[in-house]
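Look for chain A in each of the two complexes below; its partner is chain B in the first and chain C in the second.
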Partner chain A sequence: MRPQLLILPGLLLFLFFNLWPIVYSIYISFTNANIRNFPQPPPWAPEELKQARPPPDFVGLANYASIFTGPASAGFWNAVLWTLVFVAVSVPAKVALGTFVGLLMSSEKVLGKSVMRAFLIVPWALPLILSVVAWRYVFDPTYGVVNQMLYSLGVSKPPDWFVNKDYAYAAMVVIEAWLAYPFIMTVVIGALVNVPRTAFEAAQIDGAGRWAVFTRITLPLIKRPLIYASVMTAAASLQFFLVAFLWNFIQLYDRFMLAYGYYWAFGSPFREYGLAAAVLSISALVISVFMILAIRLTGLMRGMYES
Partner chain B sequence: MNKNLLMGILAVVIIIIAAVAYLTTQQPPAPTQTTTNQPPATSTTPTSTPTPTQTTPTPLPTTPPTTPTPTTTPTTPSPTPTTTAPPPAQKVTIRIWHALNPEEEAVFKEIAALYTQSHPNVQVIFENKAPDLQTAVLAAISTGEKFDLFIWAHDWIGLMVEAGVLKPVDNDVADVLPKFAVQIPQYKGHIYGLPFTAETVALICNKKMVPEPPKTFADLAKIMQQYNKPPQSYGIAYIVNPYFISAWIHGAGGYYFDDKTEKQGLTDPRSIAGFEFFKKNVMPYVGPNPTDYNTQVSLFLSGQAPCMVNGPWSIGAVKKAGIDFFVAPLPPVNSSYVPKPYGGLKMFYVTIYASKEAIDFMKWFTTDPEVAKILVQKLGYVPVIKDIQIQDPVVQGFYEAIKNVYLMPVSPKMQPVWGAVDIVIQNAIVSDQKTITQAVQDAAKDLCARGLC
Partner chain C sequence: MVLTFKFSSFVDVVVSVSVSNLEKVFPPNVYALRDVSVEIRDGEFLVVLGPSGSGKTTFIRCVAGLEAPTRGRILFGDRPVVDVERGVNVPPAKRNVGMVFQNWALYPHMKVFDNIAFPLKIRKLPRHEIEKRVKEVAEALEIGHLLDRYPRQLSGGQQQRVAIARALVKAPQVLLMDEPFSNLDARLRVSAREFVKSLQRRLGITTILVTHDQHDAYALADRIMIINNGAVQQIGATDEILNNPANVFVAQFFGDPPINLVDGVGRRDHVDLGDVKLPVPAPEGKLQVGVRPTDIYIADAPLSQGDIELPRGRIKLVEYLGFTPVAVVAWEQTELRALMYSKLKEGDLARVFLRREGVKLFRDGVRVG
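So, the complex of A and B:
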């Protein structure tokens, strides 16, 4: 028996659990699957059920046409655009915050670093649902800390962070930055450990200021881990869904690609699974293209297949 | 010899065994179904009696080999031949799915026991599918699991008909329709089940502060003004959300959604007038956190508000707080502006597998005055049949309120409208971010983007 055959069990499992769902959902996106006909009754189901639920029809590219030019297009383009805006805003925020805290936590002048690091990791470790509930209190329009502060600053009508679409979206950026900075921070701390102290000392002796040390020494030395973390966290921003879903889905459903797909599958009157599958397939494509470009342009994989 | 090779072969064998086991446990029902249709003629009681004890504890997961076969045995023969004269020993099992609370379930079982006394060939099984009955029903439909009836408020009809779960029973129930005091919910002109109780909102007032039910809205306005001394007390406890304020929109002649045309009516000038009326005449007297249910209820329970607008489900808490209260319909503004709150009917839904016995049971349950009396006494259910004497003043109050009810839409297209109205309320009634006209126009635009123009 040839040894290659031994990968067969694993390969079969992989194909069944990883590849099949992808292939199947792409297939669904070419049909008019909805609550009337999907999922299909099994072959042993009673006859009356089979009559009541005819199989979904193959509709070709109709769902994709609907996304790009038809009734779903306005919402979809909106979702794609705002998701990209979200990446553009939240990723720099996360990276800046994470890097800043990471540098701070690596400084010799900070006391009790290990304890503080442990506390700073908390957002990462908390169950997401708990974080969202906590943030709901922070942003509560009447009793929340944010609006109380705005009151005391003299804002007579502070915004409603749940109901107003744009403010809710802004709250999403803040929450995402809070949720993701521990990841960046951890990467930065880890990278700084490997930077030789002599580099900093030499720069100081040469008379470089803090900013010069940061831009000329620190940043180049932790560049690769930082780029890696940024690309990873950009992917997380592209797939942002759960917080928006828990926050106020009826306002945010057309601001994030995955939320928009979810809306068509479970929030629309007839549960248009076919359309939802198409939306999510396109979203997967957008995310893949983004990731490939990001990795290519930043040279993240360079040198990986050498040596 | 080769350990790795052996392990690999072992893994393959296990996978194959698992796959074969899966397929064999899934498929047998198909062949056995046809074969077991003959046995019941000879061996009736012994085969069917053990089944209910097995079905109740393990409804879904381990069904394949055992349960479908026996449960179908009694039900399948009934539709094919005309079942008027089957042998009397023929046992029929009625499976009813529900998400009732334990207290309700106990009363329902008691009532079902009354029925089985006079119909010894019938057995009624209640299966609790809480907390997500909808998913359970839709999942059962896709796997072909059979049950006869399920219990829920009437607003799922549209969705369930579209999903192919329900069967129309217009002809079967035609004879009992005149007994109902309310309109029977229909979807596209067909009836899919019968209701046994109604729910809507009414005015619940503290007798210490309000001795007599207000006759007109002007009376109510006086009461609200008298007690509106924030932060000690407020004019009224009112949960400001689409369901609770619907009375004023419908009363003004407007509507959120028309079930017949399946169109939203938010931009209708009469709907806007209804929103304006509520905002101008009720909203100023509502306590803090108007969209929060618990805040509003606790205002009333602590005596900080003379009246509360709420439904029968809140009565238990009011009684527990020891408040002396009465229930009255929302008072009319004038002879043409009578508040019409949304109403929900709790009903039996008839699935495509329902046997004739199940439909008969449903007809008996929903129209028998004795059953209604038990439901009133034990659960405080508001009856929906005519000719019934109600002793309980609370139920009587809601029974009056139900006469003005506007039935909740059954079309699945209503679903996004709830959210749209909620946004109107939040933007233009609870806060002043937008004018009402602006807010309803934005909501209409938003609904259009969701394919509901």
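So, the complex of A and C:
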């Protein structure tokens, strides 16, 4: 037996579970698959059922036309735009928060760091549904701590963080920052471990203040891990879906690319699977382009000191 | 080494450093420094010598401002940089000290030029001024051709020069060096010491160097401060400490080969070691007797008049530690290390002489005669 054959079982599983769904969903995106004709009855189904559900028709680029110029275009462009805004707002928030906490948790002036680190990592470890439920209490229009604080600050009609589209979206930014800062924090703490403490002391002796030490020594020395983490977390923001889905999908379905695709598949009256597949294929393309550009521009794949 | 460069431009104002009653306690109750006082004259080279854990690094870090002492005062000239009682603690950035760290602490992401230029960039000097000063100091330290490299591309000796250049470029009032030679191999150490010594002489800058290696002290120091357990044991010039150790610790720690230290009994006009009697005046009672191997020797005849001849002893062992071999001479119980000026072999009986002033007497660790 040829040794190459030994990887065959793994290769087949990989192709079936990873490649086939992609190919299949791209194929679906060129059809009019919907609730009437999809999914297809299995080959052993009775003949009447098969005739009652004829297979989806190949419609060429009709779904894509609908997305770019047709009835789905308004919602789609809205989702893309707001997703990009979400990346632009949530990524700096996550990175700034995570870096700040990471620096704090690496300072020798902070006591009980290991215990606090354990607590700070909690958002990363909790099941998402639990986190979202907790945040629903925080943002509850009547009883939530946010609105209670707004009341006590003199705001007579604080916003409804679920029903109002824009406020719900703002809540998404806050929750995403809370969910993702442990990742950035962990990367920053890990990177700082490798920076000799004397470099900071030398900088102090050389006359650098806190800010100068941060911008000229700390940041350059943890730059690469931090850029890596930022690119990863930006990709996560581009794929933001589940929290919005659990929060109030009705209001947020056209603010995130993946949510919009999900809406056409499972939220629209006739379950337009073909259209949904087209939306998600474009989303995947957008994310891929982003990742390729980010890796190229930041030189993530290069060695530490290559230029 | 020829240093053609005029160094004066790198020394701001040379100041004296006055440390009084410095104490540093790390919580809960680790005393790193106990009541350390020392006056360092302007332009003086002080070597702080002590075993590991003695508090020497804490001392220099207090002078640099990287550590805040629990008690005491430090003056640069007449400017107080630390005065715990009055709540003065000038941050390191404002003390104008240059410091060379044990591992040199170069900034790994900066080229040599930017490493040296860093203190000047922080001070926002104009760019042409920065370039001029960096070039000057780099030329003087013979690293002018390395400015375009990263620290990791340099050898240990070169990295050390970069670290010294960075410490000097801002024209500090005081130069601090924390074990600067410990990462160099033995050969490089010797040349690095010579380099630092000649540099310090030319600059005339007040310098404090911390080390655990007494050879650094021999090579560099104007004065040596020996510290142990956070307390100053003795401050003085090299020969002063060698010839007049204040206590047993100093006698044992300082000097190479190490001092002979044996128990004896004082009998007014001699010290009784049991089998050997040393005819020197001594207080009555139990004593510790220290004799440096350089003060006791094996020869065919006394090298100078007044040296005392001891009973003949047997050569147990010969070691070649330096230019003159050192022998272990044994009597019935007593064994002493002695320089060997005659060509005898192990097992031979030898005539042993003692320099009269070479006998140091201690009681309870403190010098008594």
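One rule holds for everything that comes next: the second predicted complex is superposed on the first by the 300 of 307 C-alpha atoms of A that agree within 3 Å, B and C clash if a C-alpha of one lies under 4 Å from a C-alpha of the other, contacts with A are read in each partner's own complex, and residues count from 1 in each chain.
What we mean here is this: a contact is a pair of C-beta atoms (placed from the backbone, for glycine too) under 8 Å apart; a residue touches a chain by one contact, two chains touch by 3 or more.
From a predicted model like this one, the values you see are computed outputs, not experimental measurements.
Bringing the complexes onto one copy of chain A puts chain B beside chain C with no clash. When the shared chain is aligned, chain B comes close enough to touch A:Arg36, but chain C does not. Judged by the touch definition given at the top, the superposed model places A:Ile250 against chain B, while chain C stays out of reach. More chain A residues lie in contact with B than with the other chain of the pair chain B and chain C. Residue contacts after overlaying the shared chain place A:Gln239 against neither chain B nor chain C. Touch criterion met: A:Leu221 reaches chain C, while chain B stays clear of it.
Once the two complexes are overlaid on the shared chain, A:Ala212 sits against chain C while remaining clear of chain B.
In the superposition on chain A, A:Ala202 makes contact with chain C only, not with chain B. The least CA distance from chain B to chain C in the superposed model is 44 Å.
Overlaid on A, the two complexes show chain B and chain C touching no common residue of chain A. Listed in rising order, the residues of chain A touching chain B in the complex are 1, 5-6, 8-9, 12-13, 35-36, 39-46, 48-49, 52-53, 71-72, 74-75, 141-142, 157, 160, 162-164, 250-251, 254, 263, 267-270. Per the touch definition, chain B reaches chain A in the complex via residues 4-5, 8, 11-12, 15, 26-27, 29-30, 33, 72, 138, 141-144, 146, 159, 162-165, 288-289, 352-353, 411-416, 419-420, 422-423, 426-427, 431-433, 449-452. Across the interface of their complex, chain C is touched by residues 196, 198-199, 201-209, 212, 216-217, 220-221, 223, 305 of chain A.
Against chain A, in their complex, chain C makes its touches with residues 64-66, 91-94, 97-99, 101-103, 105-109, 118-119, 122-123, 150, 152, 166, 170.
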